[in-house]
Amino acid sequence: MGVVCVYFYPVPEGKSGQQVVDGIQKQIELLGAVKTGNFCVDCETFQAGSGIQNTPQRQVNILHSSEQPASCFAILDTGTCLVADALFDGLMQKLKHYYQQRKGSKIESKGQRYEYGDFIFKVGSVSQASNFKGILVEIEYCPCVVAGDCMNLMKEMSQSLLGSAVAEQQSSFLKTKTDMIYTPADTMSQYLEHFNNFKKATSVNQAMNR
Amino acid sequence: MQKEEKQLESSLADITAKVADIKNALASFLYKLENEFATLNWPTMLDNFALISSNMNSLSRVLRGDKIPALRNFTLFPVLLSPDTDQELAKLTEGRLFMCNHEVVPDYLRTKPETEVEDKINQLHTKANSITSDNAQKQLNNLNKITSNILDIINSYREEWDNDSKQKTQQPQTSSQSETNTLIAAISMGKGLRLQSQMPQQSQQPSPGMQQQSQKPMPVGKMQSSVKTTIRAGSAGHPYPRP
Amino acid sequence: MENTFSVGLKNNIAPQQEYLLQGSIVDLHRDVLLHRLRGLCDNADKQPETFSDHEMVFVLRGATAQQNPVLFRVRRSLDPPDDPSWHIRYLGTSEIGDKNRHTLVRACFDVACSNNVVKFLNEMGFRSDHEYCVKGYFFHKGRMKVTVSKIYRMVQTGTPDGNTQEAMTQSSLVELSVVAPAGQEQIADDMKNFAEQLKPLVQLEKVDQKRLSVQ
Amino acid sequence: MANQTPNQIEQLHKALKLTQRLRSNVTQVFQKLSDGFEDVEKKDKYLLNDLHKTLSSVNTDLSDLEAGSSTLGPLTAASNSTNSTLICVDPIIDKTSTYTQLIHTYKWTDKMKEQASYASNLLKENQFKRTPIQSGTFTKRLRRSQPACCYPQSNVDVLLNSLIHQYRDTMHISVVRPLGSSAVVMIVLGKTLKALLVLRGMVIEWVKVKGYTEDFHGEDGKVDIWSSSRYQVFQKITQHVTAATLHYYAPEMPDIAIKSLIIWLQSYSTLFSTPCQKCGQFLQNGLPPTWRDLRTKKAYHERCKLMEK
């Protein structure tokens, strides 16, 4: 468990997502990293119905990660993240009169996992309802626990792998947590931020297409 | 007349059969007692007794039954007495009686008690009659007194013992149903646990002032802030560290 | 991805049914009961384990009458006070069942969670309904769990300490429970046998909670 | 015994047989002589002949034996060594191979002695001046001071307590003594790393560095000084810190050694946030600059450090 940065890797015009993913993976393998299996991060969204007293309508996002298989991350749209046992899914079902699952909202990032020294790389292609949405690359530096300490180090690594354009993005979320101890919940928040961006992009595209 | 004779005949056969049953039971019991006394145990003894007594019962039932003509009305008359051994008789009685003579007949066909016994009965009768009614009354009262006394003593003892044993089994009360109910109601429904100020708002329909209240530093909000600070400190130990 | 919960549900291995018997013991005789439990349960050679928890019950109410309120019980250990472990417990309505079943049965989800659960539930729309403290002893025999605990009313909301609590009654609550996957009815018989061994000190019974609310 | 050739053994057997024969012949002579002579006049010639014959056989036997024994030579070469030869004579102990092991050990110690003398010669040529032994008064004081490894526990505690107090802002130092007098010092440096030092008296005997999320306590709750960090960075730093303990080692002023090591260790608080002073990069082979200069405390990569010198 270390500090994680999740980067959005744009797919240039005229290239398929798979080609770009292959390119990144090749780059990672050239560095000397070793393939260590697959990973998956998924997210489901629950929307509050109108019937809750004295509370604005909230959204609950339930995320799972293959890196923490027994846990479940519930993130509210206020940013509060609850880490719980995987059994929390059962509790959400008990709340189905109040929070309904949005149809087709399930979005996930899936792909290869690599290890290189104390780094872990994950190249994931994002899909929602089996539609390809984009690429997310996760870089984890395990020995460090404070994001602020290793930000520049991470930047250097991402520059060498993904190019400086991608490395310049920095999650607004990470900026707020520079001196605190980093937790897997923070990783999930980053994923959620990217997932929401993808969803927004789709809705904008749809609007434009109309 | 003939009908009655037939009836008598059949009932006699019945009785003989029953008596034979009793005899067999007795014989087998005696046999056991004599030969198996070493291995004989109490339950089998009781079984044998029960067998005999049931046989006796069925015999008396037969005797009391409607179909049997009143045997009392029949007279048994010894027609022939002879001092010679009678082979037929010996065969009938399985060798217990060899002759029907003057010696055995009074014993076997007796309808009245023996004379000595009769005398004794008469003696007791005269003695009872000789006591005056006053005296008898006195003695009766005395006896009643003594028995009632003994009864009292027995009753008082019984009460004492009952109390003793009750105390032993019941012990002092170790659990109370009402307290159980209070506790269970408290943990399952929060009965008696809600604070006085919260009770009306939280457990009944919402009041319009609720919105305002959530902005004020109400007790729940206070708790929130204290928790917020613990997040910073507590997040060091992540509750689900993965190796 | 198939998450672990749905896999658990499918294979019916997720523990989600609680079998429960309840009773109480007057404080004066509690030590006798503890002694007997220590002999009956596992780890007889060790001192009985103690626990001290703070439970906050949160309720989510709908605006309309059709929506049944949902209760979440948030519990944290006060025992190492600096590093409490939190969990959420959801309890379904308990079924009394017929005479053939010896215990109360109710749905039960125990979910361990991070320490910001109170904030999370508040933001979700849950409101605090009531809270209390539980302190007592904990035994286990196989998968049966026995707790002997006192319930304390909170005089003030917030962080509990010795001054802000008062005991509900002069008795300790005794609970015998097993949380198991659905459909394992034979557990109830084991529990009945165990409860028999505690008589006449404690009468562990299935107590109808609906009946109590009417009283 | 065991290492004699079969040929020699055969000859030994022969010699033994000859000795036996010589003995029996000599006894025969004496027997005859003791029996006395009767009828000397008649048979004197015959008797003399007989005696002559036996004596000559004795003579030949003797010369045979002498010839045989000359080929045998001295019994064993080890006969001149001390009591240990007795072990080899005992036939039962011969089976347990104690003696051969003993010989091996002797060889080893010899070899070691030899090599140690070489080493000492080499070291003399290339002297490190770590311990300033100069003026007369100073050496006198030093001679009285005890060896660094036998400082009493109280002295060590005083030193450690002062360190705990001095650095409480930057690092959290705790001391346990799981096995009596030897102190195990655990240092938590910011949120960067944890280090463990094992002291014998005031000598640093063992160093281990781990990540902030890792623990020095094993599953049984006891202090585990052996297991390494699961991260390569800290495995590397463990090596560097071990090297540094040797550098700072000062047997005459052990407290200075510990203090300076801890001051140096503090420079690792910027492990992940400082780039290498040589190449200006953060990463080299996936590792941050793991080396800190022993004097300037500047950060270098392991390879950059070599190039600097």
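The first chain written gets the first letter, and so on, giving A, B, C and D; residue counts start at 1 in each chain.
In this text, a contact is a pair of C-beta atoms (placed from the backbone, for glycine too) under 8 Å apart; a residue touches a chain by one contact, two chains touch by 3 or more.
Small disclaimer: the values here were computed from a predicted structure and weren't measured.
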Check: Using CA atom means as chain centres, which chain is nearest the centre of all the protein shown?
Finding: C
Margin query: As a test of whether you follow the contact definition, which chain pair has the most C-beta contact pairs?
Written below: B-C
Checklist line | Cα-centroid distance, chain C relative to chain D, in whole angstrom | finding: 63
Check: Using CA atom averages as chain centres, what separation in Å is found between chain A and chain B?
Finding: 80
Notebook entry, point to check: Distance from the CA centroid of chain A to that of chain D, rounded to the nearest Å?
Noted result: 57
Next item on the list: Averaged over CA atoms, how far is the centre of chain B from the centre of chain C? Could you give it in whole Å?
Entry: 47
Notebook entry, point to check: Which chain C residues reach two or more other chains?
Noted result: 112-114, 116, 119, 127
Note to self: Using the touch definition from the top, which residues of chain A touch two or more other chains?
What the structure shows: 1, 53-54, 70, 83, 181
Check: By residue number and range, which residues of chain B touch two or more other chains?
Finding: 235, 238-241
Check: Quick one: in the complex, what on chain C touches chain A?
Finding: 1, 3-6, 8-9, 14, 16, 60-64, 67-68, 70, 72, 88, 90, 109-114, 116-117, 119-120, 123-125, 127
Margin query: Give the list of chain A residues in touch with chain D in this complex.
Written below: 1, 32, 116-119, 141-146, 148-150, 152-153, 156-157, 160, 181
Notebook entry, point to check: Residues of chain A touching chain C in their complex?
Noted result: 40, 42, 48, 50-55, 58, 60, 64, 66, 69-70, 72, 74, 76, 78, 80-91, 94-95, 97-99, 108, 110, 185
Next item on the list: Quick one: which bits of chain B touch chain C in the complex? Just the residue numbers, please.
Entry: 169-177, 179-195, 198, 202-203, 219-220, 222-224, 226-228, 230-231, 234-235, 237-240
Notebook entry, point to check: Which positions of chain D touch chain A when the two form their complex?
Noted result: 191-192, 211-213, 229, 231-234, 270-273, 275, 281-283, 285-288
